[in-house]
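Report on the structure given below.
Chain nomenclature is as follows: A, B, C and D, assigned in order of appearance, with residue numbering initiated at 1 for each chain independently.
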Amino acid sequence: MAESRAPVHVTGEVVATKRIGGYRHLTLTAPGVPESFRAGNFVAVTVEGHVARRALWVHRVRASSAFGPTLDVVVETRGSGTAWLAAQPVGARVTITGPLGRPFALPKDPVSCLLVGEGYAAAPLFPLAERLRERGCQVSLLVSAPDEAHLLSALEARRSARSVTVLTADGSVGQRGTVADHVDDLLVRSNADVVYAAGPTAVIRAAAAAAERAGAWSQVAVEVPTPCGTGLCHGCPLPVVGEDGVDRVIRACTEGPVVRGDRVRWEAM
Amino acid sequence: MAESRAPVHVTGEVVATKRIGGYRHLTLTAPGVPESFRAGNFVAVTVEGHVARRALWVHRVRASSAFGPTLDVVVETRGSGTAWLAAQPVGARVTITGPLGRPFALPKDPVSCLLVGEGYAAAPLFPLAERLRERGCQVSLLVSAPDEAHLLSALEARRSARSVTVLTADGSVGQRGTVADHVDDLLVRSNADVVYAAGPTAVIRAAAAAAERAGAWSQVAVEVPTPCGTGLCHGCPLPVVGEDGVDRVIRACTEGPVVRGDRVRWEAM
Amino acid sequence: MSARVPGPVMVAAGCGGTGRELEPYLGPAGLDGLDFVTRSITLDARPGGPGPRLVEVPGGIVNAVGLPNPGLEHFLATELPWLVRAGARVIVSIAGATMGEYADLARRLSRAPGVAGLEVNVGAPDEVGVGLFEVREPYHSASVIAAVRREFPADRPVLAKLRPDVSRIVEGARSCHEAGATAVVVGNAVPAAFPDGRAGGLSGPAIAPIALRCVATVHQTVPEVPLIACGGVRDAASATAYLRAGASAVQVGTALLHDPTTLARLRADLETSHQEDP
Amino acid sequence: MSARVPGPVMVAAGCGGTGRELEPYLGPAGLDGLDFVTRSITLDARPGGPGPRLVEVPGGIVNAVGLPNPGLEHFLATELPWLVRAGARVIVSIAGATMGEYADLARRLSRAPGVAGLEVNVGAPDEVGVGLFEVREPYHSASVIAAVRREFPADRPVLAKLRPDVSRIVEGARSCHEAGATAVVVGNAVPAAFPDGRAGGLSGPAIAPIALRCVATVHQTVPEVPLIACGGVRDAASATAYLRAGASAVQVGTALLHDPTTLARLRADLETSHQEDP
């Protein structure tokens, strides 16, 4: 897998914030982070008064803007930390560490790829789609969500993807159903050699299983709680089978979060 | 001494904030607090993520404004809590308890009063001056500060006070010198029967001593750290001599902060 | 021993003032029916220690208040009657320098009208510093409890308040229970230091995980001992963590200093969640 | 015993990853010259416990990581050489289920090139849960230290890492020192529970006042024992509180999880304040 360059720990600034559906999209400066970002990396954000860090996928980077290089994150408010972050106004200073974790490995050849993502966790698939297209890969994108409010807009992705499929559990937009219901069918239709998946465990597990059935490679972006995000605490256990066939527990934040789908011991998660 | 009415614990809002010299002046709503305020009361403010409360004198109350009743406080940034408070923008919600503590006791007769205050702690003397004037007392005001930036504006007080004397330690405005240098002289000139003092210990002690020398009563507003402000923790010891002549330690937040100057055991503070 | 275990929500010793100061924040019911533990009362009046008595630290406060109190006689004459009139169930916390003092306090309080129970402070974070009977081993606290129990009517609770020290709490709880404690309060402030090195006790949210470990350990080992949890309770979540771990009541201390309405809110929240439970 | 006491700023066991993950945040010097305590190494590989291993609480975190490590052999083959090449002064933390395991670890590490010293983990917050040698009384830890000391060269430090338990720390420190510990590390995470009652250890700023009390007490009682403070160090103020109380070095743990640059900043700040002192 590709190795990411050295992360930095910096103070950045919120340069834009907007609510889109059920999410808050923030654009941040974070000197040094956008510059060495690769698709699948995440950042860890400091929440004032809280010891643990909050992990966020990087949804997009811009090499230059009026504020210099920036990165976008998509925040779903859940507990204290995400609520705090979502409430930060333009100008607020935010301490950020990144880019963190192993990014998606890119194929050497211009193969056909299926990208499967659900909810905010679909975020890293968008920069991935761009990179894949640059390499001449054929990209099919499957974006799913429980409902319309939690669907990341696939509009921009239409530039990078040959086909975009939208699913919602309630059928409020796109097709009705779950990733598990549709992924095999899409795999066949897209004739994919590689599946990239990001989302809740059930979703990435379904995608990995479908890939295995179809004889495709898969890479999944796993989310387990990452108290530090930097590999220091061993607090983010991810059970896998090593290359040597031996069961191991790796750190999701450092040896993941992107791993080969056939390596994850799903039943042990 | 007058007893203050029952305090409340409420969420208020910053309705105005401005920097004046070295201080931040905040106007806050705090339903129920301005209504039962008496001069010399203080409020305790909650700082997010901090257990102890921060005490602030009430500088002014308005019975009605566009926002309903409001109160003004004067904040000098010192540590984490005052820095946080001073940074709160209009619209920020602030949890406030008050009015707290025993207020200044008002004389029954229309006597002559000297009010002595230094720095932000002069704040409670302004509403006091108004009350005294309403009662027909002659009010002389001595406002002091280390320098001009830390001098509370006495402009408004000119309505209530017969005379206003301004002192700065560096002579940058008004007369040069400290309260201790000038208070005896002023006491004689104002022919005061009662001295009210608020400020650092050295200042109120000097005022109390001058009162004693001149045979006047004194009431001093004492500042010792008040972790809760509500009388619950006994964490604000103030050594006094009781009415029975016996040494006691009282709670500054509840049995004070205003006490008779001749009761304080200054050397034990 | 048919004494009722108080709770489920109580005021922790030394964090409710004399009761009067807390009253404005308790809502319409006021102190009525509230289990109010007084600050620790000693035979003679104590002025308390010098300032600063409390210093804020991350997640809590360190205190060395020094047990300021007006002494038993003055307490009986002024504070107790007021609390009784206000309807509080008054649990008097007692502290002494010797076993005899504890027994003395218990005897005299057994005759005072309106004392609903006693809490014996045998776990101060710096008992040597404040001149209290030193509890080095669990049997020291058990002897104090036995002495108090002999002097106090069996139909009223005697609570043993212990330090949340996981290496001793099981033995302490067991032996105090055997010595006659109706329930064991786990625990007091944790022995700690001020930033300048002076001895004090750490309280507040910071110590909740420590006291919770003690409560869970005691409950698993000696489930027959009724437990009252104390340490960092601030909301329904922190209270129910203790109740789930085996406590039958919780005491609220430092949270009241931060937000004096905590108790009123907590009583309401726990009742609601209780009603929601099947 | 002419071994140098490390410090003044060290990485605490289990909070610096394998060293590689910390390196990007250490500034230009990197690990060079840094006293790096490894996570506790056991004879055999351990996968560590199930998730959630760390949960955030006010002022700190509760952890039950379960000592994940690749086992001694793999450590010697991969992690140690990397650390040595990076210039770190490697202090290997060791943990065992029996005294024999501790001795074994010490013996094998005494021969490994580049091991600057040992830290003996005899104060885990839940040693029973993780299957370590149980330290109930101070003499249990002292026996382990004696066994380790016999196997490890006298010119390299052996540190005894104890629990910050004020009722036992003096006796523990004294006896470990007598048993040959170059210095005593005070202390480990404090025994605590997760919100669901599961056993773990509390670390971070929340425990600093507790460990500070232990350091001050030990230093006042047995000033001849060199002390290394560990617990909630996060900035120059928290570090100097320990140094003033008698510690000759501090270890930084949880603060690194919150801000991986803490160590670099702290080294710079302490040097500055050192230069400012007369």
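FYI, a residue touches a chain if its C-beta (ideal position, glycine included) is under 8 Å from a C-beta of that chain, and two chains touch if they have at least 3 such contacts.
Only a predicted model underlies this, so the values are computations on that prediction, with no experimental measurement involved.
Chemist: By label order, what chains touch subunit B and subunit D together?
Modeler: A, C
Chemist: With chain centres set to the mean of the C-alpha atoms, which chain is at the far end from subunit D?
Modeler: Max centre-to-centre separation from subunit D belongs to B.
Chemist: What whole-number Å value describes the gap between the mean CA coordinates of subunit A and subunit B?
Modeler: About 56 Å separates the centre of subunit A from that of subunit B.
Chemist: Round to the nearest whole Å and give the separation of the Cα centres of subunit A and subunit C.
Modeler: 50
Chemist: How many Å are there between the centre of subunit C and the centre of subunit D, using C-alpha atoms for each centre?
Modeler: Those two chain centres are 35 Å apart.
Chemist: Can you list the residues of subunit C that touch 2 or more other chains?
Modeler: 59-60, 204-205
Chemist: With chains as vertices and touches as edges, which is it: line, ring, star, complete or other?
Modeler: Topology of the interface graph: a ring, with each chain touching two neighbours.
Chemist: Of all possible chain pairs, which ones touch?
Modeler: Touch list across chains, by label: A-B, A-D, B-C, C-D.
Chemist: Can you list the residues on subunit C that touch subunit D in the complex?
Modeler: Touch residues, subunit C against subunit D: 57-60, 62, 136, 165-168, 190-197, 199-200, 202, 204-210, 212-213, 216, 232, 237, 241, 244-245.
Chemist: If you look only at subunit B, which of its residues touch subunit A in the complex?
Modeler: Residues 48-49 of subunit B touch subunit A in their complex.
Chemist: For the complex, give me every residue of subunit B touching subunit C.
Modeler: Interface residues on subunit B, with respect to subunit C: 6-9, 46, 50-53, 95, 97, 224-225, 227-228, 230-237, 247-249, 254.
Chemist: Mind listing the subunit D positions that touch subunit A in their complex?
Modeler: 14-18, 20-22, 24-25, 39, 47-54, 56, 59-61, 63, 65, 68, 204-205, 254, 256-261
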